[in-house]
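One chain, chain A, links the two complexes that follow: it is found with chain B in the first and with chain C in the second.
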Partner chain A sequence: MSDNQLTKHFQDQIDQEVKIEPKDWMPEGYRQMLIRQISQHAHSEVIGMLPEGNWISRAPSLRRKVALLAKVQDEAGHGLYLYSAAETLGIDRDELIAQLHQGKAKYSSIFNYPSLTWADMGAIGWLVDGAAIMNQVMLTRTSYGPYARAMVRICKEESFHQRQGYEILLTLVRGSEDQKAMAQDSLNRWWWPALMMFGPNDEDSVHTQQSMAWKIKRKTNDELRQQFIDATVPQADYLGLKVPDPDLKWNDERGHYDFGPIDWDEFWQVVKGYGPCNRQRMRDHIAAHEEGAWVREAALAYAEKRAARLETAVA
Partner chain B sequence: MTHQQALFEYALRLGDNALILGQRLSEWCGHGPVLEQDIALTNIALDQVGQARSWLTYAGEIEGKGRSEDDLAYHREQREFRNVLLVEQPNQDWAYTMIRQFLFDAFNFYLHEQLTGSRDQTIAAIAAKSLKEITYHLRYSSEWVIRLGDGTDLSHRKMQTALDDLWIYSGELTQVTPLDAFMAEEELGADLDRLRPRYEEKVREVLEEATLSAPNLPYHQQGGKEGRHSEHLGHILAVMQSVQRAYPGQKW
Partner chain C sequence: MKKNWPLWEIFIRSKNGLSHKHVGSLHASDAQMAIENARDVYTRRSEGVSIWVVESKHITASSPDQTGSLFDPADDKVYRHPTFYHLPDEVKHI
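After this line comes the complex of A and B, so read on.
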């Protein structure tokens, strides 16, 4: 088949909702877009361990400590599934991590914000995992098979994380004045960055159109953002917390909440590397990777020695 | 020492060992040498904190003053903690962490094996449940000690250094305090004199395969079991207890 025929066949498959599998022919642009997106997603899971890991040693009860440890561990697991999904596209994990460390690959900007109080463990679970779910539920139907299947496993755990985060805040708002203030402060700090997680407005999003045509994405940034706001505002009301947006108002006609303008300057500042924790997160990840080098090398050397010994024993 | 006091102290010690080690291990979460091992070590941390909860809850029940697992974990001073010195030693790097884990797991395995036969049914039950987890921990840490001891020259040197530094805390594991003597006598706790040779044999076997050599020390450090700790424990508790102490009496 000629390239034209292959491209047409590929698009037909996509249009008929047939999943694309690793061995199938795919346009190079599709492969690159997927590598970019899946690796960014994988890195986000892994870098996302840092702001929450920051509170494991200070979790205020043993029950919370266990739950938070398990949550952060789940995120590591998500990172693994996603690196594996990316590897089906012909790139290995070491290379993906190198791209991250060189600043060629990105991760979700939300993790460049600091986790300052215990309430942030609630807000992150509720809002950050909550926003991630909107995106990930959509991705369970993405056109690339391994990515879609990874998402199915991940989504189950994410909704658990979201409930767990919400429950942390529920406990705080039912507690002392101090605790309630801690919860409100946390919502104030995480609300807008959570809305930014969906990316630029549709008219400013360079990849959206092609991504939708290939059915990698199936909803636009703005659609997902609206869906998130509509789902989350009533949850804030139930907590008795105030969403820090004076323009937030239910619009009967649209059947959606109207909301105020997002500070896109802040968004681009953080994306470009000048957020509160960009350098710190990268430094920590690089340090762990470099300090682990001798461990990985030794494990490899030992495995080789063992294989050689076995071979001699057999011969 | 009354029967009740002894049981209380013993449960506290078991709980504190698990809690402090779990706390140390959880410092690795997000910083492991490779994602798979980050997950594996977090699993062990989860088991340890889980075991700590069972022991501390039981300690509170024995005491009968209404103290919960959290009261005991978050509202005791360092002099009231009963963990062995080994578990509070800093993570340093993967070599120290694995040596510390292996020495503790090897001891902890035979300890729990004996505790499954305790005349106290709760001790026997918690021990039986924990033993399954500890069996896995011991396999994991033994494999890492062997892998890194017999890996590269660099990994061998790092492991030997860690072993040299931490060995001084290994004697306390099987040191017989009056509490240990009482608990063994009453068939409530472990007989450490009976345990010691098996523990030493296991350590010898793994270190030999790892091509590491245990230092020959004329003295060992002890005191943790009686609440005399190293400088490290105060810092661990300052972090661990900070939120509870800043907002006393709240629910979290």
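After this line comes the complex of A and C, so read on.
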């Protein structure tokens, strides 16, 4: 088949909702877009462990501690499912990690904000995982088979993440005045960065159109953001917390909440590396990777030695 | 040249009576480690009772370019299906 025919056959498959599998022919642009998106997603899961890992040893009770530990462990698992999906596209793990360390690959900007108080463990679970779930539920129907399957596993595990976060805040708002104030402060700091997680407005998003045509994404950034706001505002109301947006109000005609403008300058600053914790996150990831190198080498040396010994024993 | 841990494909039996099913892949230095990592990565919520690990390089896959020619011998053999044979309704349990 000629390239034109291959491209047409490929788009026909997509249009008929037939999943693309690793060995199928695909346009180079599709492969590159997937590698970029899946690796960025994988890196986000892994870097996302850092702000929460910060609080494991300081959780206020054993119940909270086992829950947070299990959540952070899940995020490591999510990173691994996604790296393994990315590797089916013909790139190896090492290269993906190298791209992260060189700043060529990004991760979600939300993880460049610090987790200052225990209430942040509540807000992160509720808002950050909540926003991630909106995106990930959509991605269970993405056109690339291994990515879609990884998303199904991830979504099954995510709902406990969001619930445990909300439960933390629920406990705080039912506590002392100080505890309630801590919960409110946390919502104030995380609300806008959570909305930015969905990415730039549709008219400023360079990849959206192609991504939708290939059915990698199935909803636009703005659609997902609106969906998140509509689901989350009533949850904030239930907590008795105030969403830090003076323009936020229900619009009967649209059947959606209206909301105020997002500070995109802040978003781009953080993306470009000038957020509060960018340097610290990258430093910690690089250190963990380098300090673990001898373990990887030793395990490999041991495996090779044992394989050689087995061979002589058989011979 | 730096060497990396090889890639393994992971298959999990979710309960006795069912076949092992492919769930994904992971890196490990040897088969034992692959099983332990698979337990941590793919069965954190009791999703399995048995794990198979196979180094990815040992799997030979059919090529999607040949899907047509590879599978077409089966496409025109309707007589392999029970509905090809017409029997009167009065005949039961067949």
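By definition in this document, the second predicted complex is superposed on the first by the 315 of 315 C-alpha atoms of A that agree within 3 Å, B and C clash if a C-alpha of one lies under 4 Å from a C-alpha of the other, contacts with A are read in each partner's own complex, and residues count from 1 in each chain.
Just so we're on the same page, a residue touches a chain if its C-beta (ideal position, glycine included) is under 8 Å from a C-beta of that chain, and two chains touch if they have at least 3 such contacts.
Quick caveat, the model's predicted, so the values are computed rather than measured.
Chain B and chain C, once both complexes are superposed via chain A, fit side by side.
Once the two complexes are overlaid on the shared chain, A:Ala150 sits against chain C while remaining clear of chain B.
Contact with chain C, but none with chain B, is seen for A:Asp24 once the two complexes are overlaid on the shared chain. Shared-chain residue A:Arg296: touches chain B and chain C both.
Once the two complexes are laid over each other on the shared chain, residue contacts for A:Asp92 go to chain C alone; chain B is not touched.
Within the superposed three-chain model, A:Thr171 lies in touch with chain B and out of touch with chain C [touch as defined at top]. Note on the composite model: angle chain B-chain A-chain C, taken at the C-alpha centres, equals 80°, rounded to the nearest 10.
When the shared chain is aligned, no partner comes close enough to touch A:Asp185: not chain B, not chain C.
Contacts of A:Asp284 after superposition: chain B is touched, whereas chain C is not reached.
Contact with chain B, but none with chain C, is seen for A:Ser61 once the two complexes are overlaid on the shared chain. By the touch criterion defined above, A:Ser84 lies against chain C but remains apart from chain B after alignment on the C-alpha atoms of chain A. Minimum C-alpha separation, chain B to chain C, in the superposed model: 6 Å. Shared contact residues of chain A, touching chain B in one structure and chain C in the other: 73, 77, 80, 296, 299, 302.
Contact residues of chain A toward chain B in the complex are 46, 49-50, 53, 56-66, 69-70, 72-73, 76-77, 79-80, 83, 118, 171-172, 174-176, 178-179, 284, 287-288, 291-299, 301-302, 305.
Against chain C, in their complex, chain A makes its touches with residues 21, 23-25, 73-74, 77, 80-81, 84-85, 87-88, 92-94, 146, 149-150, 153, 157, 296, 299-300, 302-303, 306-307. Remark: chain B residues 19, 23, 26-27, 29-39, 42-43, 45-46, 49-50, 52-53, 56, 69-70, 73-74, 93-94, 146-148, 150-152, 154-155, 158, 239-240, 242-244, 247, 250-252 touch chain A in the complex. Residues of chain C touching chain A in their complex: 2-5, 7, 23-27, 29-30, 33, 40-41, 44-45, 61, 63-65.
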